[in-house]
Amino acid sequence: MDCTISSPTAIVLLCCPDQRGLVAKLANFIYANGGNIIAADHHTDTAAGVFISRIEWDLAGFNLPRDIIAPAFDSIAQPLQAQWQLHFSDTPQKVALWVTKQDHCLLDLLWRQQSCELLGEVALIISNHQLLEPIAQQFNIPYYHLPITPQNLQEQEARSLELLQEYGVHLVVLAKYMQILTPRFLAKFPAVINIHHSFLPAFAGANPYQRAYTRGVKIIGATAHYVTEDLDEGPIIEQDVVRVTHRDRVEDLIRKGKDLERMVLARAVRLHLEHRVLTYGNRTVVFS
Amino acid sequence: MDCTISSPTAIVLLCCPDQRGLVAKLANFIYANGGNIIAADHHTDTAAGVFISRIEWDLAGFNLPRDIIAPAFDSIAQPLQAQWQLHFSDTPQKVALWVTKQDHCLLDLLWRQQSCELLGEVALIISNHQLLEPIAQQFNIPYYHLPITPQNLQEQEARSLELLQEYGVHLVVLAKYMQILTPRFLAKFPAVINIHHSFLPAFAGANPYQRAYTRGVKIIGATAHYVTEDLDEGPIIEQDVVRVTHRDRVEDLIRKGKDLERMVLARAVRLHLEHRVLTYGNRTVVFS
Amino acid sequence: MDCTISSPTAIVLLCCPDQRGLVAKLANFIYANGGNIIAADHHTDTAAGVFISRIEWDLAGFNLPRDIIAPAFDSIAQPLQAQWQLHFSDTPQKVALWVTKQDHCLLDLLWRQQSCELLGEVALIISNHQLLEPIAQQFNIPYYHLPITPQNLQEQEARSLELLQEYGVHLVVLAKYMQILTPRFLAKFPAVINIHHSFLPAFAGANPYQRAYTRGVKIIGATAHYVTEDLDEGPIIEQDVVRVTHRDRVEDLIRKGKDLERMVLARAVRLHLEHRVLTYGNRTVVFS
Amino acid sequence: MDCTISSPTAIVLLCCPDQRGLVAKLANFIYANGGNIIAADHHTDTAAGVFISRIEWDLAGFNLPRDIIAPAFDSIAQPLQAQWQLHFSDTPQKVALWVTKQDHCLLDLLWRQQSCELLGEVALIISNHQLLEPIAQQFNIPYYHLPITPQNLQEQEARSLELLQEYGVHLVVLAKYMQILTPRFLAKFPAVINIHHSFLPAFAGANPYQRAYTRGVKIIGATAHYVTEDLDEGPIIEQDVVRVTHRDRVEDLIRKGKDLERMVLARAVRLHLEHRVLTYGNRTVVFS
């Protein structure tokens, strides 16, 4: 399927100390250059004194050439002490999928890419096992089998970083990658989304379904979050839940959870690739 | 409980043909007069070519006196061919609750008002039955028993309109009022929210729970909507659902539905009273 | 993956006029023959005077040979005027998937079969288009392209029935098959599950997403049901919903709906294949 | 409202080691004595080797007088090493509501009792504060103000136990009672349901809404559970959740959570009073 975007837009995500006139300044910049805003959403965290904004405007009729927009915008953003990002909707982001042995999230994301549901392109798949290589072949995506041993972790990470650079990857998605990333790796490549198979902060860590069963909960969940140094403690992007009953054994929780995992991860990846997620502190703002 | 609002704000709801510079013009108006925007949300319906906006700003430090804001804003809005409303968050809206014999929505709304959950004040209760008068007395709210007969409908409506005017009512909430309002009434008082005990458009009309049971649905719902001349066809503000099984008889559907009805109606009334709902065509935009 | 069932069970689904002693008679039959009940669920529709039961027992240690169970059970069921079915959990049911051009439900069901989530085997795929044949090849499943023209409907149906018989099919799943089955066909093969892309009975018929958008609903749904002569009126097996907002265009409803459709259809097919669904009147009892 | 039950039933809840013939033995007991089963649900936890059953039968036409049923049933249950309870649906259970200062769960339960939604009778209200006494007066229910100081806890508990005995209470409901019960108290009165304002095991302990906000979760929950010596660790009866966004401040979480709390607590109390909940280990079986 051809996923070409017919009307490309520019998107600014911005975060700065709150003050008067912010919306006016942002809107004036776009208006003064002939742009038409098609979506604008702002959030003020009054307790933290933080202003957060996402503005998207039509590039058709916008007077500034693409390579001039960033420096021009910077002259507005700098005095506001703003952190900001500029994106163009027709620049698909390159994604690396990291997997171990489970295929449900991998298949789901690949199918969504094929169906033009994701504004991104899966550039490569990395796995510490060989098992899922046939899926990569079937979708014509390079598959790198990088096994992990107690001895080679540093080397394996270095090779992964090389590959991410080589393929120009913007986002790593841990699609059931059952390994922990080191602070060293995250310092070099921080844009990583993970799916955890529980309703965080409940059942962080290993074996969440078994522990949910033992605790006798009536609802189980899944959580997609950015990866930070603290395992399962990163900013949450999306969560969802499903009911269970006393009839559900651990294997039923796992089965029901797999559906949750792929839905929640796909939504989080989609939101990120559409530049709808901004983190501040350990929280996310999701402009959906 | 004292529900005083500590930091009053001004809120503009606006709807106009889409064009360049709208966000800039609105934001500049507020900034130029020293206002600090605390919430701004915009929506463009590109298919309909309509721009819809809700902007809320702090009145502290705003340079224009309250009675000047509307005429000043109008000089911006007029050239845009905009329909707009201006509200102040510390002006509680007067609400009339219309009921018949069921008390669950009535009690729920009165309790929420007492708990300061609703930015409004229940000014009076109107009913075609005497049954719920003790509840009104308990909450110290005037109760008007206006029975309806085939002969007196026009008279009863005229009396209702008199009362709405006398009490300065902004919003009528049909909290399980089992009568149909006439086009004549709605032409004179259009701000009416109804709760329908089904997931509209399924089971519009009478006996939705019985019909849901007969159809064997696995989920039932409730719908809060603005009332228009076409029964159960008005713009939908909020809906919610709950699962049912083959074990649920009609009386169980009614019981489960009552919880839905009061939750959905309360959310819709709250959204309306916070000026978060705007209708265009037969649709609502809910800035929540 | 090898989906062998380690502890085969027998399952009886039964429906009869309510009377005293039914549970005792069923349980005694199993106990007297050395069986151990592992699940038993009964439902009495007191209004209709109908008793409905699902009993599952371990075949290990059961004294009757498999081919004797049905005649033996019949001697109990006959005097009760019962309609009943006997199934063995290790006899996988043969399923035919019927599709048109959309692949999401097809792929989802094939993935689930591969993961041993479904107690069934997809024996063949029938389509009125050629488009999805590569998926069939990839999963090594026979694909029959039976185009439909105004002239050949009767012939196409006859050929379909031949194929269902040839492959010994127990269940037809319309996995987004955008054609209507005739009463003639259904009289000969009644076990058909369809997925409708709305929350029935809302938006029965064509273009439900467009109509949901126009109506301005805040929640959309999907419904899996048995197919009867009356379009979209058959007994409902499973439904689910998802929230939408004013920001969702028709294409967003379609995208969100696709996830609903595959989840709801998969759950319904799974429930049917585990012999957990029984219909009476136009309702289902789902023993889940 | 008169909540008389027209067709009284007997209900047995039973738990015993799994073995062949259990359903037959239970059903035969009822059938042999002329009873008609109107609901029977069984569950086998194969891993734990435990059989759990709930059977309800019509008392009309049952041959055994009520006071003979228990001893007669015991002669069947004893050889099975079963733990069991016998209840009659027309014997309303006496409930004590324990509250502190928040009224939402209290009012909700009182409304439901008034509407005949609960098979129980609120016999008294106990509080460590005077604040909610007017509500008790309005519903004509005795209110005992038993303040707690560091010195008087043992005395206060003794007085509470006296009151529970005096009023013949079967169930204590902690309807936002912000105090911890001691093991000493629970040893003497173990039938206690609590509502915790989080999705347990997430945010057990104090200030769950503040901690949920800080963690940045996208969904909050509430949990009704039986109270055990381990705070927030008792068997879970019911849970539910609601979505939150970055726009929700702590006070919004509290507001949304209040609706969850009253719904979840009411459902759990209802299930308990209908004798649909059985605990084994730290888990519940809920026959709903």
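Letters are used for the chains, namely A, B, C and D, taken in the order the chains are written, and counting of residues starts over at 1 for each.
Throughout what follows, a residue touches a chain if its C-beta (ideal position, glycine included) is under 8 Å from a C-beta of that chain, and two chains touch if they have at least 3 such contacts.
Quick caveat: nothing in here was measured; it's all calculated off a predicted structure.
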| item | value |
| --- | --- |
| A-B or A-C, whichever has more C-beta pairs in contact | A-B |
| Remotest chain, subunit B as reference, centres from CA atoms | C |
| Centroid distance [mean C-alpha coordinates] between subunit C and subunit B, Å | 42 |
| Between subunit A and subunit C, centroid-to-centroid distance (C-alpha), Å | 36 |
| Residues of subunit D whose C-beta touches two or more other chains | 43, 247 |
| Of all residues in subunit B, those that touch subunit D in their complex | 104, 107, 111, 115, 117, 138, 247, 255, 259, 263, 288 |
| Interfacial residue positions of subunit A with respect to subunit B in the complex | 18-24, 27-28, 30-31, 34-44, 46 |
| Subunit C contact footprint on subunit B (complex, rising order) | 43, 45, 47, 199-203, 214-219, 221, 235-241, 245-247, 249, 281-286 |
